Amino acid sequence: MSKLKISIAGGSGYTGGELLRLLMTHPQVEISQVTSERFKGKPVARLHPNLRKRSELKFSSLSELENCDVLFLCLPHKSSSKKINEFLGIAEKIIDLSGDFRLNNADDYKKWYGEEHPNEEFLGKFVYGIPELHREEMKNAKLISSAGCNATAVILGLYPLYKNKIIDIKKSVAEVKVGSSESGNESTPASHHPERAGCVRSFMPTGHRHTGEIIQELSFGEKIDFNFSATSIDMVRGVLATSHVFLNEDLDEKDIWKIYRKEYSGEPFIRIVKENDGIYRYPEPKLLAGSNYCDIGFEKDRNSNRVVVISAIDNLMKGAAGQAVQAFNIMNGFQETTSLEFTGLHPV
Amino acid sequence: MSKLKISIAGGSGYTGGELLRLLMTHPQVEISQVTSERFKGKPVARLHPNLRKRSELKFSSLSELENCDVLFLCLPHKSSSKKINEFLGIAEKIIDLSGDFRLNNADDYKKWYGEEHPNEEFLGKFVYGIPELHREEMKNAKLISSAGCNATAVILGLYPLYKNKIIDIKKSVAEVKVGSSESGNESTPASHHPERAGCVRSFMPTGHRHTGEIIQELSFGEKIDFNFSATSIDMVRGVLATSHVFLNEDLDEKDIWKIYRKEYSGEPFIRIVKENDGIYRYPEPKLLAGSNYCDIGFEKDRNSNRVVVISAIDNLMKGAAGQAVQAFNIMNGFQETTSLEFTGLHPV
Amino acid sequence: MSKLKISIAGGSGYTGGELLRLLMTHPQVEISQVTSERFKGKPVARLHPNLRKRSELKFSSLSELENCDVLFLCLPHKSSSKKINEFLGIAEKIIDLSGDFRLNNADDYKKWYGEEHPNEEFLGKFVYGIPELHREEMKNAKLISSAGCNATAVILGLYPLYKNKIIDIKKSVAEVKVGSSESGNESTPASHHPERAGCVRSFMPTGHRHTGEIIQELSFGEKIDFNFSATSIDMVRGVLATSHVFLNEDLDEKDIWKIYRKEYSGEPFIRIVKENDGIYRYPEPKLLAGSNYCDIGFEKDRNSNRVVVISAIDNLMKGAAGQAVQAFNIMNGFQETTSLEFTGLHPV
Amino acid sequence: MSKLKISIAGGSGYTGGELLRLLMTHPQVEISQVTSERFKGKPVARLHPNLRKRSELKFSSLSELENCDVLFLCLPHKSSSKKINEFLGIAEKIIDLSGDFRLNNADDYKKWYGEEHPNEEFLGKFVYGIPELHREEMKNAKLISSAGCNATAVILGLYPLYKNKIIDIKKSVAEVKVGSSESGNESTPASHHPERAGCVRSFMPTGHRHTGEIIQELSFGEKIDFNFSATSIDMVRGVLATSHVFLNEDLDEKDIWKIYRKEYSGEPFIRIVKENDGIYRYPEPKLLAGSNYCDIGFEKDRNSNRVVVISAIDNLMKGAAGQAVQAFNIMNGFQETTSLEFTGLHPV
């Protein structure tokens, strides 16, 4: 069988690097081009030193992009949306890893991004990129918009509870603890190591863009409220979402187990983690570095109707490149776990 | 003026070490004894290596304790409460740093500690040890119970809002991010560095004992609900509390500022931190290591009536030894900031 | 082709967990048993949480070990050497990951381990487990003793220079910076997170056992001196060796390049890392977590005949389980890189 | 007694911030001005958030500097040397914290800094700023050049051994492990948290400028060789120097103890740390954060004439601002430890 020809537009960043790592050993893929304006002509291993001796590829310029079967877009904010028509001339199938096409309507985009969308007729045409929610649509999709990393952690943790309508849709509060790789590979005063190391930094207590995605995906036809905050900690990779939701009926932990099992039992990348003893009783992102898992645990408060849901991912994998490859596999009829078999490390 | 003679029962742990560090340079204090059963006869600097060349003290046994003016108790859970009558034979004034006397009634104790209190007639006789809430009582107190570290961070962050009755008392959610020194100096499988490093560990999603203190101090005569969770991160010292509260009237950020200023403007150890730009726009515990400050910031959600309150302390200082020394200063009529002048470091 | 049946004696530790992770996806291997006395009957994923949903294996007892083709020993110090005859009744081929059989004679063992060897007739019968030095011997070996992690980093860094006799054999100094996983998974007061985090701890300035291995492998028939020290830093996985060697002839960096290339050009797991600019000009262990690479760089001092050699590995991979699997592949005629393809992550 | 009026030229960096922290509570000092071109008019607490509520000072411009008693220079490389004559018009006494005046002759400067000195007639007129070596000269000095942080750690560790001529002066090797604050507060690609976190980065294997200072201070009239390397680790503050020196006579550890005691017994900021058991047997920088101590330990290799000397400092304190204040105190006849009493924290 001939291999699919794929290219990556915007390959010098962290997400592009992860995509490259995953796809370069994918048995049904041939990587055609990886672009970077700043580093064109340079070996990709210069920017992604873990690929030394593993990839001989060099960066191309965006303007040199040739036709391919699937084009991955890892470009800065608004670059995908401005040039989407050009990109559609290069590949019929596109997976966009930016936030440009995640929201399905122009009003939501304006609310959360604070400006008009440059190509709003495309909003709603991309499948929102979480396979556990949109697998069937992905099978026939040509356009997929990869989900936000924080949104992925929160949505996957809460989806079974919202879908089954057992939650008070006005009261939920979620806080993510995130690593520094979320902000990409450009250095800033805030990312300077002496300032960023050891930090517990409430960088977005309110107004985080990913809130829009969370609301969109958890609404199920109703108007929900969602209280979201994000805090940076001294970690490079990983997201831990702690979500506080309030049951609208009387359920115990076994009932909740059943609901998670019903929704997720066949999922290759979801693990329910809830143990009575040991060190790792609940999900932790460090176990997931490099893997595509989303680990989910929960605890019912004995003093109230609160359920605390804990969900963990690697932001560059299940939160970006890994989930994009999972969607790519589904979209092209490949085994869903191909190139995503890495288990994660322990200890690490 | 002759110096007050103080002793520390249980001086080998982290809290005892901090007390020692603070009190050994206190101009109105003479440290009489510091006890440790396991290390009696050994220099205190063996356990507290930062005190090398600074303190020649050696540990005594508890049974050797002589009469003193003020006795600090840094003993394991339930040790203070079982022996409180003995300790009252040694000193008229006692500051207990354990959780034994924080709750004011036996039912609450049983609810949060899961067992009967060994000496419940003392519950309610200790002043709860947050000076910002109980300064006047402290001035005449003989018994003070130092507040829990997580409780201190949450209570100080929310006290002005609850006291002024602008909060929906049924909906608040608070999550603390805590360092490893909170659990004391005994090694366990979970504190083993390869397991604890890099962790984001939801160690107490529900049922944390400090919830009882928070409810007690924020109730103001009403029956409130409070949703509290605690997550360990890769940090040694520090607590950051992120509290989500919901206004029951229409206030903007300026109004909230005024409320904080009204309650805290004269407080020597409270700083309101809320900046429009820069790296440290909101409180961060790393700036507070070794200092007695509680830094508090807040942000009003433009999409809802939520206010996110961010409060940070050093768990061993404002969350334990520092706050105990602050209370000690008040109780004995000393300048409140004595021995607590350290600013904290930057960068660190 | 039928698969080789392998077992792991001592599978609850970090090295055993890594072996399991690598071998469970090895296409020519069937894992028969993994032992742990303390956890027998429990799922291996309890101790190795990264293997949740990936391995259904449960721990067996050592006494239940059945015959197998290759037995890996990951037992505590002196356990392998005491029971070696028993183990030879279980498998004809043994790969020992302890230090028991690394030194080739009884005097060296006594010098570095401070006691008599319990079965000294086996010393010298094990092939020392660094494939880059002993590949040919491994092809026909039945007994392989995996090399020490620190020794591996130093030896691989210096081997080309010693072999080519361009070094003053009396003057070399090497210092390794190591992570906490080197000490295994038992918690101790020194591994307690508040003490171990942020440490730069000179835990073995002189007298480290791995010195014996280094001298053995770098001697080439002469009597060499070697000055070795080890320092713990705040890292979980990884070793960086900084070795200072002194040329006995006038060579420039290009000459040294040639020597490294001559010795290592065909090696699948050695990368020479030396760049003029960029962030990763020299080897760094964090890029290697989970991979089997040894990255090696060097710099010639312009003011003297010193060459500083920098070599990095993942102590649990190229320093333990990974190198053992590499040796296993060679010993059994498999592709040498099988199950060792992971590139490592960036950033991490 | 009237207070000395001091100013700090270049006060927005980390060293300037530490100086400010120390001097603002110095009982014999009045801080006149702190300059920053970029932040003039802004409160100093904007850049040094630990000083919130503690200092009302605002940054001035360099051009606004008024006459003062002592001027501290914390300016970028070569700024002090170019403008030294201007500064001498502002203050009679100057303490320069840059590297510009550390070397005593123009040839050494050119060798280590790679260029001509702009005002070489001043070389040799500054007292090299380590009080333990130059206290008497400081008492009458008008010009002091604060020592390099890495140089300070190495020199203080080795000074007694070199001074007493018990060391082979051709063979010493020293490697420092350093934190990220050494490079100042400007962010760079290499200081970006995802790249800098978890690093063990051999950033200067040879050719480090501080080598010149080390040679200058340890030579004692002879021509010595010194092999120096520097490695960055995941730490913000702190230097640990591991120095390997070779005895030229037969001495045991007790003899070496005596030599250290002879040289350092009266020193307020030197502690000899060498214990047989416990966690902190040798110096560690984390215990020293914020303190002015240099902790020194050593171990004699039983298999050779090597002595490994371990010395630790806080690079911003004993390695910069703290040592400058110590020198300032000596220069002005104040108690040497004034404003430098902080013990450091444990745990941290």
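Here are some notes:
A, B, C and D label the chains in the order they appear, each numbered from 1.
Note that contacts are C-beta pairs under 8 Å (C-beta built on N, C-alpha and C of every residue); 3 or more make two chains touch, one makes a residue touch a chain.
Bear in mind that the values here come from a model prediction, so they are computed numbers and not experimental data.
C-beta contact counts were set side by side for B-D and A-B; A-B has more. Centroid analysis (C-alpha atoms only) places C farthest from subunit B.
Centroids of subunit A and subunit D (each the mean of its C-alpha atoms) stand 46 Å apart.
Put simply, the C-alpha centre of subunit B and that of subunit D have 36 angstrom between them. Subunit A and subunit B have Cα centroids separated by 38 Å.
Multi-chain contact residues, meaning those touching two or more other chains, occur in subunit D at positions 14, 181, 185, 189, 194-195, 198, 234, 236, 279, 347-348. Those residues of subunit B that touch subunit D in the complex are listed here as 14, 17, 21, 25, 46, 48-54, 181, 185, 236-237, 271, 273, 278-280, 287, 289-291, 293, 295, 341-348. Contact residues on subunit D toward subunit A in their complex (touch as defined above): 14, 179-181, 185-189, 191-198, 234, 236. Subunit D contributes residues 171, 173, 175, 177, 189-190, 194-195, 198-202, 205-207, 211, 225, 227, 229, 231, 233-235, 238, 240, 242, 244, 279, 282-286, 297, 299-304, 306, 308, 310, 312, 347-348 to its touches with subunit C in the complex.
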